[in-house]
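Consider the two complexes below, in which chain A is the common component and chain B and chain C are the respective partners.
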Partner chain A sequence: MPILGKARQQEWETVWKTLSGMRALFAGDPEELGLNTLLDNIQQFILEQFRKADAGKPAVWYNIGYGPPLIYALGDVNNVPLAEMSALCSIIGDQADTEALIDASEAAGYSAECCSADKAGIGAVVKGLYPEPCCIVGINTPCDSQVAAFQAMAELRNRVPVFPVDAPSYDDERTLKYIAGQLGEMIPFLEQNTGRKMDWDRLKEVCETINRTSEWLWQWMEWRSLSPTRQPSKLCAFTMVLVIALLGSPWGENIARGLAEDARNKAQGGVNYFDEQVRAIWYQDPVWWDIQLYDWMEAELGLVIPMDVFGFYASEGLIDTKSKDSILFGLARLMVNCGPMSRQFRINIKRYIDDFMHLHKRFHADCGIMAGHIACKHAWGGIGLFKEACKKAGIPLLVFEFDMFDSRILTRKELQFELRRFVNEIVIPQKQRKAGKS
Partner chain B sequence: MEKTEILNQWSALLKSSRPESAVNSGRPVVGYFCSFIPPELLLAGNLYPLRLTGLGVDDSSSGDAYLSHLTCSFVRHVTAAVLDGHYDYLAGQISVNTCDHVRRANDVLVAKSELGYHGFLTIPRSFRESLFPWYLEELTRLKASLESHFQVRITDQGLNQAIAQTNQARERIKSLDLMRRADPPRLSGAELLTITVAARILPPWEFVQTADHLLSALKDSEPIKNIRARLVLTGGPLDDPAFIRAIESQGVHIAGDLFCFGTRGLGLEVEQNDRPLESLARAYLYQTPCARMMSEFPRRYQDLMNLYRDCRAQGVIFQRIKFCQLWSGDAHNLRHRFQENPVPLLVLDREYGTVSTGQIKTRVQAFLEKLGA
Partner chain C sequence: MAYFRDAQEADLVIGGFLRTFPRMDPLMREAVGQKKMVLKLELADPNLLAEIDFRQFPVEVRFGTNPEGTIAMTASADHFHQLLLGILPIGPAVNNKQILLRGSVANLMAGVPLFYLAPAIYPFFLESIGRKDLILPGPRPRLHGEIRSEDTMTRIVSVLAFLAGYSLGFLKKHLAPKLDLVAALESMGKGLLSATPAGKQG
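Up next, the complex of A and B:
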């Protein structure tokens, strides 16, 4: 299916066809406000990317962890997150395409042990699915895989100029000021390589958009924290997509508002779409390769995910737009303390565990599910201490190895087996014992 | 002393879980994890710097339990060594945000070991000059933390003295490296790794004394013969000479190396001046970068190519420990460069703590055939 009247690569056309089909299927359904807003705004974002690419506008590539606000503020510059095709093919298009991209990167010598989000992204680079970059920017959060992917992007694209932001492993003001200083340094770099001048008034508008988006996301989390949670579990993880690709854009704000209003409508409507038996904090990566699995969890097990680590958007305050310095400081804080994963993995394991305990309490969870994306070395490296903390708190924890973008590591059937056994043999009996005691 | 006697002595040192020099030094022994930590800082505080390894530790179970089997086996071995009491003579440890694995090992050591002191540094991931003050400040904070915990004073004079002592050790290593690079060489790659690891366990003055004996002994030693190919070895951390021995058993001579525990990091020279901490920071930050540095692959590649040329090598072997994503990225980038600038490349993944001799030999034999050696 052509995009903007032009034939595109098969992977893009598949995404576009599915996206258009889903839009047609769900349009006008008031029960699908959240999903519709999400799909509509992703579609708008993709269209804009193609418009800019067709018009020869400069493109800036970046890795997971780096947010797009500075790029949005440059005006007609294309922001291209490396993991874009990983997410689009898996969530919307054809999962087989994601796995083909993963295979393409490995065939090109990229390590099988790196994160599949990056592997599929590198595969997309190898297959020429992204507009050519004028420069590459990035950050070393959330993980080593980002460091490797950043360097591989640069190497594969004729060593275009790069600018990495160094995010230290501390949680203090000194660190945020250091990162803010680097964002300030990055601006002339972006200006030089894109040929666009930074418009500080536009950056201020971008930050105000981010502030409104943040407030919607916080409201959304509040509605989802109610028990029972009536908005589907499968909508939980999309904060991550928003933060990586759309933060600071009207599309991002629309998605956050749509999700919040949908959650509010459903909570106030009082209609239960599934029989909630067990509430779990899904801690680690979502099952992007089969998002319908969440429907199965709700329908078959009564297992609801009110929040996961990709959905959690921490309350670190709004960006103060009164000066250039305060804007850069706010953006730095947002990038490393609000963004899913970057927040939990950048510093020591205590933050990771504390956030889990916070979510567990705030979202009235019965248990935790550590969906161990095999490439997440910081998460696996913390597994012993995390298990001990859960045991001490009396929180049942399911841990399994899988891959968020590659269904070949742990299949749907195997995953269903793990979940069924955990819910029916561990969590529900424990809840019954507790209910009996009280 | 004969060459063999000295090398045997150092081989035993590498395998010893309680090196006498450290245990009987009378100084608090502080283990450290990464090449970005200047041991001079510890020496100047009358502390004993000991580069942490997992050599001689067969069982990594306690490290595996906390860090999972999906993390680097080197880091798991070191963690297990500390948790299981192999390092019970340590007064503390210093970690760095080298990689996700080391960061998590630090979390485990802080939570579960009985060590009295834990230092932590976060090092910039780029050589941009604007980031240098951060690293200098990190060293300044580490200095203050060591002074406070161990009740010592680290003065500029003490730092300059430690720099002078460590520079002497580095000079000896450079001389020994020339003996390894020579054609024909008088030291094998495995022997040189024994030396460079020993240099990270011994205090510099003790190392220098023995290294001088070795340099004298080498003048009269027999050169190594029957070399089929001279290669350069690069990649991630490698502290086990047995790995190189397995490669060299096939007629290879590792004429040059560029990896952690090898000569990388020992090639730098630190200036003695009235701002010795800054001098240390400059030398250590701008050393040949490891793969954790986000924008420095071009420099790393250039340093590797210079080494390749200087060693008159015929190919490159790249090794890394399984699950290390940073160095796996480098392997990808090297392959990419070598498509443009053809250099024969063999990539070997390995596990720490065991040398898969048979597999290595087979891979090296095939590589030699490809080279026509």
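Up next, the complex of A and C:
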């Protein structure tokens, strides 16, 4: 299916056709405001990317962990997250394409131990699926794989200037000021390579958009914390997509508002389409190679995910737009302390565990599910301490290995077996014992 | 509800409808966008397992088999019957978990147009097997939102196809009540096939 009247690469055409099909399908259900807003705004974002690419506007590539606000503030510059095709092919395209991109990356010599989000992104670069960059920016958080992905982008486009941001493993104001200082240094780099002047008034508007988006996301989390959580579990993880690709754009704000209003409508007057039995904090990466699995979890097991790591948008205050320094400080804090994963994995494992305990309490969960994405070595490195903390708190925890973008690591059947056994043989009996029913 | 007494009746009605699919090839194939996939149906209360194999020409429909399929749809037989009639639109049915899906989203979306097409044919099939009682009364909700096509020719042909369908419906209602619609669709499919170069078929 052509995009903007032009034939595109097969992967893009599949994404576009599938997305258009999904929009038509779910528009038949106006009750699904959250899902429909999400699909609509992702489609608008992709269209804008193609418009800019067709018009020859400069493109900036960046890795997971780095957000797009500075790029949005430059005006007509294309922001291209490396992992864009990983997510699009799996969630609204053909999973076979994601796996082919992963294989293309490995075949080109990039490490099999990297995160599949990055591997599929590198595969997309190898296959020429992104508009050519005028420069590349990145950050060394949330994980080791980001360092490798940044290096891969730099190698694959070795004549393109790069700007890496160093985020130290500390949690103090000095660290945030250090990162803000680097963002300040990045501005002339972006200006020079994109040929666009940074408009500080526009950056202020971008930050105000981010502030409104943040408030919607915090409201959204409040509505999702109520039991029963009627908004589908499968929508939970999309904060991550928003933060990486859309933060500071009207599309991002629309999505956050749509999700919040949808969650509120469903909490206040929604219908229970299944019987909520168990609430779990999904504490790692979502199953994006078959997102329909969440519907199965709800319908067959009564298992609801009110929040997960990708969905959690920490409250660290709004960006103060009074001065250039306060804007850069706010953006730095947002990038490393609010962004999903960057917040939990940048410093020691204590925050990872503390955030889980916070979510468990706030979302009235019965258990935790540590869906161990194989490349998330930061999480695996702390698994012993995490298990110990859950044991001490009396929280049942399921731990398994899988890959969020690669269905070949753990199959759907194996995953269903694990989830069914955990819910029916561990969590529900424990709940019954606590309620004095057994 | 419970439209079907037992598995045999579900097989006669829903299974019977699925068995007409090879006759409607290549229309069915066009509906799924030439995808090489197997759509597995897992119906319950009463049970019916079927798979529609779009990998070969004409499509093959098999029953009672175990393989996973490329994509799958799980539902109660009653919900599936409502889906075929167009009383239960597929979008809300998925959102409300009355139908559970499995597999690549692109392949699932390729299979969805079958359920836009089915409500136009299934009632006539029920009538043809003497099961008019299963055609449920009530409003037919909108099955999907607007499907925009950038291609002018697609828009023109869609209008012409609507007029052809309207004429067929008019003929059946007013002039030829015994008109076999599946046979008509089969002929339409044959016409489509004859006009398609051999290398591009299936």
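Criterion: the second predicted complex is superposed on the first by the 433 of 438 C-alpha atoms of A that agree within 3 Å, B and C clash if a C-alpha of one lies under 4 Å from a C-alpha of the other, contacts with A are read in each partner's own complex, and residues count from 1 in each chain.
Rule of thumb we're sticking to: a contact is a pair of C-beta atoms (placed from the backbone, for glycine too) under 8 Å apart; a residue touches a chain by one contact, two chains touch by 3 or more.
Keep in mind the model is a prediction, meaning the values are calculated, not measured.
Enquirer: State whether chain B and chain C clash or fit side by side on chain A once the two structures are superposed.
Expert: Aligned through their shared chain, the two binders fit side by side on chain A.
Enquirer: Quick one: is A:Lys204 in contact with chain B, with chain C, with both, or with neither? Answer first, second, both or neither.
Expert: neither
Enquirer: Should A:Lys431 be classified as contacting the first partner (chain B), the second (chain C), both, or neither?
Expert: A:Lys431 sits against neither chain B nor chain C.
Enquirer: Is A:Cys143 touching the first partner chain B, the second partner chain C, both, or neither of them?
Expert: A:Cys143 sits against chain B, while chain C stays out of touch.
Enquirer: Look at A:Arg51 in the shared chain and tell me whether it touches chain B only, chain C only, both, or neither; answer first, second, both or neither.
Expert: It touches nothing on chain B or chain C.
Enquirer: Determine, under the contact definition given at the top, whether A:Leu35 touches first (chain B), second (chain C), both, or neither.
Expert: A:Leu35 contacts chain C only, not chain B.
Enquirer: Looking at A:Arg362 after the superposition, I want to know if it touches chain B, chain C, both of them or none. Which is it: first, second, both, neither?
Expert: Neither: A:Arg362 stays clear of chain B and chain C.
Enquirer: Can A:Arg212 be said to touch chain B (first), chain C (second), both, or neither?
Expert: neither
Enquirer: Tell me the contact category for A:Lys324 with respect to chain B and chain C: first, second, both or neither.
Expert: Neither partner.
Enquirer: Which angle, to the nearest 10 degrees, do you get at the Cα centre of chain A between the Cα centres of chain B and chain C?
Expert: So the angle at the centre of chain A is 130 degrees.
Enquirer: Nearest approach of chain B to chain C by C-alpha atoms in the superposition, in Å, rounded to an integer.
Expert: Closest C-alpha pair between chain B and chain C: 28 Å.
Enquirer: Find the residues of chain A that appear in the contact set with chain B and again in the contact set with chain C.
Expert: No residue sits in both footprints.
Enquirer: So in the complex, the part of chain C that touches chain A is made up of which residues?
Expert: 33, 89-92, 94-98, 100-110, 112, 141-148, 150-151
Enquirer: Sort out for me which residues of chain B touch chain A in the complex.
Expert: Within the complex, chain B contacts chain A at residues 65-68, 70-72, 97, 99-101, 103-108, 110-111, 120, 122, 124-126, 128, 130-131, 134, 291-292, 294-295, 297-298, 322-326, 328-333, 335-337.
Enquirer: Which residues of chain A touch chain C in the complex?
Expert: Listed in rising order, the residues of chain A that touch chain C are 2, 5, 14-15, 17-18, 20-29, 31-32, 35, 90-97, 232, 271, 273-274, 290-292, 295-296, 298-300, 412.
Enquirer: How about chain A: which of its residues touch chain B in the complex?
Expert: Within the complex, chain A touches chain B at residues 108-111, 113-115, 138, 140, 143-145, 147-152, 154-156, 159, 162-164, 166, 168-170, 178, 181-182, 185, 345, 348-350, 372, 374-375, 377-378, 380-385, 401.
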